[in-house]
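To keep things simple, chains are lettered A, B, C and D as they appear, and every chain counts its residues starting from 1.
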Amino acid sequence: MAQSAFHGVFPYLVSPIDAAGAVKEDVLSRLCDDLINAGVHGLTPLGSTGEFAYLSWPQRRRIVEVVIAAARGRVPVVAGVAATTIADAVAQAREFEGLGCQGILAILEAYFPLTDDGVFQYFKAIADAVALPVVLYTNPNFQRVDLSLPVIERLSHVANIGYIKDASNNTGRLLSIINQVGVRMKVFAASAHIPATVMLIGGVGWMAGPACVAPRQSVELYDLCRRGDWNKAMERQRPLWALNQDFAKYNLAACIKGALELQGYAVGAPLPPQAPLSAEGIEDVKRTLLAIGAL
Amino acid sequence: MAQSAFHGVFPYLVSPIDAAGAVKEDVLSRLCDDLINAGVHGLTPLGSTGEFAYLSWPQRRRIVEVVIAAARGRVPVVAGVAATTIADAVAQAREFEGLGCQGILAILEAYFPLTDDGVFQYFKAIADAVALPVVLYTNPNFQRVDLSLPVIERLSHVANIGYIKDASNNTGRLLSIINQVGVRMKVFAASAHIPATVMLIGGVGWMAGPACVAPRQSVELYDLCRRGDWNKAMERQRPLWALNQDFAKYNLAACIKGALELQGYAVGAPLPPQAPLSAEGIEDVKRTLLAIGAL
Amino acid sequence: MAQSAFHGVFPYLVSPIDAAGAVKEDVLSRLCDDLINAGVHGLTPLGSTGEFAYLSWPQRRRIVEVVIAAARGRVPVVAGVAATTIADAVAQAREFEGLGCQGILAILEAYFPLTDDGVFQYFKAIADAVALPVVLYTNPNFQRVDLSLPVIERLSHVANIGYIKDASNNTGRLLSIINQVGVRMKVFAASAHIPATVMLIGGVGWMAGPACVAPRQSVELYDLCRRGDWNKAMERQRPLWALNQDFAKYNLAACIKGALELQGYAVGAPLPPQAPLSAEGIEDVKRTLLAIGAL
Amino acid sequence: MAQSAFHGVFPYLVSPIDAAGAVKEDVLSRLCDDLINAGVHGLTPLGSTGEFAYLSWPQRRRIVEVVIAAARGRVPVVAGVAATTIADAVAQAREFEGLGCQGILAILEAYFPLTDDGVFQYFKAIADAVALPVVLYTNPNFQRVDLSLPVIERLSHVANIGYIKDASNNTGRLLSIINQVGVRMKVFAASAHIPATVMLIGGVGWMAGPACVAPRQSVELYDLCRRGDWNKAMERQRPLWALNQDFAKYNLAACIKGALELQGYAVGAPLPPQAPLSAEGIEDVKRTLLAIGAL
């Protein structure tokens, strides 16, 4: 595996679980292998698309093990830690480090509002608990707390917090972050941003569910951006955006799991009471995948 | 224990946890005993005030065991089940039933939005899994899904779903629920409603954190409401409301834990990264407790 | 007209406007007359139901003139002043005072957020501009600014600000206001509160659209509350609540205009692009009016 | 004036009003003249920054007259029409057309929620009332209604609706619009988007307050984008973004009026009860202007 910093396309992996609650290891392994062969630069289990909020700890642990084994060191695995308490987050991060992942995606769940200092302490504790690089995850849509610019500034001075993945749809906010802490913290886009625009303003890649079903196309787009060939990048970006629109329109996990089923991966449906992708959703996604050459 | 239906004052118990993560059983037992001696009609572990969202399953399980043991059958124990998946909720409910509680408070957590049908399936599955009466819990402030009136109507036809506890601050919504399903489902107020007004419109009691620190005063208020002595009830209600205002102003768990510490219960602070009650909050709460004769 | 303080049932009048933009004076006058004969305690032109936000200044002015003329001093007329600037609000208030109304309902419109001090200055300026009693109006649903408790406290010390009408659905907030400033400022409910509960906690009446179409029933409810006959009050309140539910479900002006059309008042539809009450809405409202004996 | 389509930098003009409520014509004229000399491609009076929501109709009318006179046909003037009713909007648009402006910026104000059809009818009526090109304005932050993608699609088929200006901060939404209706409707950015990224995805320019105080820098950025020199464009964009950050942090009108005062334009403060730019805001803005060479 390259020793260089995280960059490029990191698909947010889905979590295939069978009716008895067991991880479908074969399906997940094959998906990881295919994604790596398509050129992705890393793998991210247990992001939003990975339904971290719906999985037990043994399920989460097994998924990370399977992904690390499937990656065979070819690309870095950045595993999602998500908790409401510092104690739980620290325990998860340590265990994932022990399993051999290359980075931690740090997610804060909250039931009650937190002060900025509480938010800082949570992420700081995760970073202190491991020797791995940490990616901050901020998602104002599904979480009850957001990372304010002053908190991001404070966290950027923690040595091994080197990245932030912003899942708002506010691209201007990313430029504000880059302008303020860009020398210490690199920015990954999420699916609600247009990847090409985030690359233009100084981002280093994207971590997102749609890359699971369009890995080759995502990597081509990334390469065009890296070469500064912005006009050609936009030509590729334009049709790819439809996938992100579908992703925003339907339940994230349902959308990507539905798309992967169309591609021949028996990943199943999201965990109940989440609904599987609707018939209308399947038609939308099928149309999009055909249009971008992913089916 | 009375065989009659749930009614009256059910304090939402705090969850005292020591630095090592163990339940402080003595403190919790003494609190339960004192509350029962003060006349409360039931006990509710693992509500919002009980920090269910911050506890591991072993911690939750132990808390319910301790409360059931402390209650010694004198009042019903209605334990909070909270999950994102149906499978997890059903497992929790069955285990609590096995421990010997008298009812289930059913809480739905969600990361992604759900359809009305998904919400229905979640609560239906809990009710089907146990023989106990089930109390629906709805809280639009801290949860990502709310129970719509049509879903409440559907759920009211499930045999053992007999109660709903609404934690919005919209008292009119309670009257809408009572008008529509009042023959099948009884209504408990939460701390954001004025208990006396909910009793006036047909409620049967309240499940709320503040009753932990003012149990005697709460029971007196309840008795006045039951006797239809509304003017005297309002005399009692008026100063008691300050406690609910404090409760809304500060983190719920921090507020009640802070108040109990003032009363001599070593319940500690809420779990990090939640902050303990601030110095200003302690002053506010102390003033309120003194004013209502609870300190 | 009674010299006593404002209290009781103040219907929020609709604003009947013909296709050419002229006030339908006959319809409005007859409605006012009928409402007074049914026993209402005051009239409020240019509230939310009165579509103040959709009317030109000449239309607003004419409506107040017509209502004052129709009232013939039998009940107080409290006219709605609504503006984004202090200058406009002051001009409106002075002109309404000159026309002979008995009170001002002060409404703050905002496009950009305001500081608490800006909010205070706005209402203070209206009060200073007239010798009439002023009713503060606060509506967090449709306005971009809300009156915080500290601002309400400050405003309660302005001599002729004697009332507040709260259009949130948070009844607990009303008790907080009453507890804090009840000696200086009286509280009116709006349609989203259950009138009987607001009377129980110390309110002095309600200003609301539904009273336009159920004036007799509203006055009976008010009288029962005033006599402290709370159980009988709730018997009346229960079926009347359906009207408030319809009111919340549909556009306020469309709902009341639709209901008045059913009762034989040719008030027309709300101003375009607002839609008239839908066929489904007409059925809902008809059912409700029949059930409460208002059709 | 070029007969070609609208494109480039259109500063949102402030509205300088003296203490007596009169338009400060000299100041406004000089500002327009300077902006045109700095190379801007058009002028937009009565946008959000222009405090349309705080001005009387005579004030609005006079401002448009003054701007048209100052422009002397050198650049197109696109005047803001803002109303709650169709009748008012149509009257405003016709009068502005009569005054000689080159386009209409159509803004929908709402107090009650509207159906998609009501939104469509409003904008359609404005377009039908004039022969001028119409720019749709959508701002989910300060308005109560938003233009959904289906409504935008319907409106894109109205012949003289040729542009949309989106004031959300969701840049991805712009690409969705461009992908769906880009052949019929061109997209302008607002201040919450990064202009360079909107140009990259196919936008034709921006209409925004900050261009009032950095016209030369804005035009340079635009020219670099038009030439496809994206890397150099981003070099310029990066420091300019600080101005948009200030603009978002403070009241829009206060920020731009405060900045213009620093540059020697006696435009005064926003209309009360809006507050002038705070001392802290003045320092922030001064620092930004110095950094970009605009002071």
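Just so we're on the same page, a contact is a pair of C-beta atoms (placed from the backbone, for glycine too) under 8 Å apart; a residue touches a chain by one contact, two chains touch by 3 or more.
Computed from a prediction, not measured in an experiment: that's the story for all the values here.
Engineer: Would the interface of subunit B with subunit C count as same or different, where same needs over half of all numbers used to appear in both copies?
Structural biologist: same
Engineer: So, what's the distance in Å between the C-alpha centres of subunit D and subunit B?
Structural biologist: 51
Engineer: Once you find the CA centre of subunit A and the CA centre of subunit D, what distance in Å lies between them?
Structural biologist: Computed from C-alpha means, the inter-chain centre distance equals 36 Å.
Engineer: What are the residues of subunit C that contact at least two other chains?
Structural biologist: Residues of subunit C never touch two or more of the other chains.
Engineer: Can you name every chain pair that touches?
Structural biologist: The list of touching pairs comes to A-B, A-D, B-C, C-D.
Engineer: Under the definition above, what is the set of subunit B residues touching subunit C in their complex?
Structural biologist: 169-173, 175-176, 179, 192-194, 196-197, 200-202, 228, 230-231, 234, 237-238, 241-242, 244-245, 248
Engineer: Give every residue of subunit C touching subunit D within the complex, in rising order.
Structural biologist: So the residues of subunit C touching subunit D come out as 21, 48, 51, 53-54, 56, 84-88, 109, 111-115, 117-119, 121-122, 125, 142, 144, 251-253, 270-275.
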